[in-house]
Amino acid sequence: MNSYYIKRTLRSVVTLWIVVTLTFGMIRLLPGGPLVQLRAQLIRQGVDPSEINGIIESYQNLRPDQPLYIQYFDYVSSLLTGDLGESIRYGEPVAALVGDALPWTVFVMVTATVIMYALGILWGAVMAYKEGSTFDTVSSALSILFSTVPFYVFAIFLVIIFGYQLEWFPTRGRTSVGAQNPYTLGFVIDVVRHAVLPIMSIIVTQVGLQALAMRGNSIQLLGEDYVRVARLRGLADGRIATRYVGRNAILPMYTGFLTLIGFNIGGSVILEEVFTYPGIGYYMFKALEGRDYPLMMAVFLVITSVLVVALFVADLTYSKIDPRVQTGDSSEAY
Amino acid sequence: MATDDPIIRMRNASVTYDHGESYVLDDVSLDVERNEILGIVGESGSGKSMLASAMLDAVPDPGLLEGSITYVPESGSKVDILELDKPGLRSLRWEEVSMVFQGAMSSFNPTMEVGDHFRETIQAHDMDLESGMDRAHELLEDLYLEPERVLNSYPHELSGGMQQRALIALSLVLDPELLVMDEPTAALDLLMQRSILILLRELQEKYDLTMIFITHDLPLVAALADRMAIMYAFKLVEIAPTREIVEHASHPYTRALLNSTPNLDASLEEMQPIEGSSPAPINLPGGCAYHPRCPLATEECRTTVPEFERTADGHVAACHHTDEAVDRIPLNYEELLREDTLGPDGDRA
Amino acid sequence: MKPTESDTEFSFETSRSDIEVTWKQRLGDFYREFIYKPGLVAWSDNRTRLGALLMLVYVLMGTVGVVYYRAPTSNQSPRGVQPFQTTEALLGTTGSGIDILAMIIHATPPMLIMVLSGGLFATTLAVTFGTVAGYKGGVTDRALTTFADIAMSIPGLPLIMVLAIVFSPTNPAIIGILLTINYWAGLARAIRSQILTLREESYVEASRTLGVSTWRILVKDIIPNIMPYVLVNFANAARFVVFTSVGLYYLGILPTSVANWGVQLDQAYRNAGALTGAGTLYQLVFPMLAIMLIALALILLAQGMDRVFNPRVRTRLAGESRSTDGDDTEAVSTTEVLN
């Protein structure tokens, strides 16, 4: 069992390393890739050619004139010291920008995904319990309907209606302008108000599918022998619903939960643009827009690493909730 | 067929689907004698599982169970099982009448330890937890399991035989009077099957249980049961003490069933499967349901449903030709019988 | 004890089958098994019906509609016209006089191509990977799975965005492939799990014993059994392509020389002042509807086809009933068809 943990950790580390290498490859080797563009930009800006290499080095942590493997080494070593290069657009070290923005994105996305899953599971369970009823039919239809909109499109809709037209919620920013003290209740409320619309975009557009998945799992489980035996043993309906049906219905959805967090963090690029919410996705968007390669690649790296860690956590903890699983291969059934 | 001290009295029990369109249990009347081991034998789809479920009024939706099933406890008044309300059923099930299904693995919640199953059952019936668990320990030991180890394991960590035994212990933890077992050994290897039979016999003696053992495997249950009831096409066709069944089965189906069991002593051609297949509930033949496959079938069989006829003490068979059955359908192990029979000259005892 | 002697000899002679199966019959069988019957079961579900009809509308828009309806250009109609006012521009026009309906119709062909290429790419790759990895096992499996896992770890959206910026693709087919560049990995993993169960089936073992080549086993025994699952996921992949492409076009990350509803959304959001006045909201709503309806079509198709694959999800009846007799009454409808 322990060897499994070691292997899994090793695999994550290897994955991270591959991602780093991939990023390096993209920066350095893609035709028309970041370095080439950066160089072209600098030339266009009229920078003295002799200085270009130096500038590139400071932005991207590479010395372009050195052999490839030295460049690679430079890159990786600076990463390990936490140096992610310098943003062209903002003129600041990327690490600082990321450090400031990442927690906000994680806050919004994780909160949203957690609430969405909780609601989806509850809803799906009730739908399964009342299977065939009007509630179930209507719920199923609504679930499908809500899922026809990608969350960023729904976000646009929310901003227009609730932000601009009704003015119930702010339309941009993480906090109001001038908000300073993070320890007052007012600040907390302010933060929450700014986060409501983004979070709602995610919850409304993703809850439907999760509810349907939960419903499907639960219905299948109701036909299981152990549910029938549990009834015969005289257990209370409530206990059967939670410990027998619910507990087992969640299993296939667990890994999906963590991957979804990762996916949503990736999708923050669009969401934060709509809300002008300075999280990590927003910076990524700005970097893409302005061809700010150092920032772009660094954010890419950070987001990927977060996902690798999320998957790692998922795999390791899955065996905690499903005792049948010994090596960590999750029950992939939908 | 009535007995002296029945623990269960079942009369005209039927289970129908589709508003009486199809029967999966057809007018079954049976008494279960206290402290006996009754074997119910039938092919797949003969309705035997339905019969088991009916004893606990646990026929799955949308089946409709009708008739009269009376439970007679050791002390206290009779209980009409079909009239029980929900709390009544809760007091009956598992406390008085308990059940073990086929496939022990799927009867346990895979995400719960075995011990938790015991605890929650005890608590759901408002019994004292400590004495309940003591009883559980004792039962597990009787079944040759290590109580601590089994209780702290998850179901999938136990072998098939261990799971089945744990399930039997779970079904007995509230000290029921009657245990109904539906194919409890089907998924196990032969050696384990035999061991469990022996264990069941021991349990029955120690705890004064009545047992109903339902299976398709006639020779298996013959080693354990006191009486046997044979089912065909959702009806009972023969009921008799085991010895009677093995030596003097009077129903053609029973005899054919006995002949179809692989037997080391018979030659290859003497072992015959029964031609044809058993009918589906929507497509029952008229008259005696067995007549399409029966070598003794006559016009009467095609039109009239046979009633139970008494062929010997405590032995009934539902056939129009019970007297001919013995002569016209020889058993392929008759030589063995002649050697084994108690009577000195080999005649009927 | 009688010795085992007999009058009739037991023999295990094999005889050549006298039945010749012609190509035509094979084709007919194939059609019946894999297209007609599942189609009938799927069609019997209202959801599939609705989904298919909706998709048909889009296909018509993308093929016939593009030919007969005018292409969007500025000033083709009076500017800022509200929807349902004139027959010339049924859904209204933008601030620069572009017919909204024209924009929607003409954005459909590239979208359909993207969906098709992306869906096919992701599904084919996933099936190949998953099947080979699941069936072969051993080193091949570990290598392929590790590769898929790494592909899966890289979050799709950022990677796609970076590549889009770098390569600026304009060919819808290429865009489709780009969008699903790591979507296939999750699917491959799921298919691999299915295969792992399937390969333990007796008929697979039988084929192996008979010496049938791996390729034939995969094609004839295994893949047909995962087809419903694959089809369902094809619809899901298609939906992913729709959503992602819209998002990227909206942000302007994909070159806007290709028409797309996302571009319309972007314009509506920024230029037309859809933000401030309810009057211009229609410019946002119609592209949104276009997106929603095709997504709806794909979800319905996926859910409906799922029924072919997973009959237990149908009703509680099938789930609760323990006796096989009960299941028979439930299954009667499908066996009528399938017999």
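Note that the chains take the letters A, B and C in the order they are written out, and that residue 1 is the start of every chain.
In this section, a residue touches a chain if its C-beta (ideal position, glycine included) is under 8 Å from a C-beta of that chain, and two chains touch if they have at least 3 such contacts.
Values in this document were obtained by computation on a predicted structure and should not be read as measured data.
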Chain nearest the overall Cα centroid: C
Distance-maximising chain from chain B - centres being C-alpha averages: A
Rounded Å distance between chain A and chain B, as computed from the means of their C-alpha atoms: 57
Separation of mean Cα positions, chain C and chain A [Å, integer]: 25
Between chain B and chain C, centroid-to-centroid distance (C-alpha), Å: 50
Per-residue overlap in chain B, given as positions that touch at least 2 other chains: 60
Numbers and ranges of chain A residues touching at least 2 other chains: 228
Multi-partner residues of chain C (each touching 2 or more other chains): 316, 320, 322
Chain A-facing residues of chain C, complex: 146, 149-150, 152-159, 161-162, 165-167, 186, 189-190, 193, 243, 246-247, 250-253, 265, 269, 274-276, 278, 281, 284, 288, 291-293, 295-296, 299-300, 303, 310, 312-313, 315-316, 318-320, 322
Chain C-facing residues of chain A, complex: 11, 15, 18-19, 22, 26, 30, 32-34, 131-132, 144-145, 147-150, 152-153, 156-157, 159-160, 164-165, 212, 216, 219-220, 222-223, 228, 259, 262-263, 265-267, 269-270, 273, 284-285, 288-289, 291, 296-297, 299-300, 303-304, 307-308, 311, 332-334
Complex contact set, residues of chain A against chain B: 224-226, 228-236, 239, 243-244, 247-248, 251, 321-324
Sites on chain B touched by chain A in the complex: 56, 58, 60, 90, 93-95, 99, 101, 103, 106-112, 120-121, 124-125, 154, 156, 170
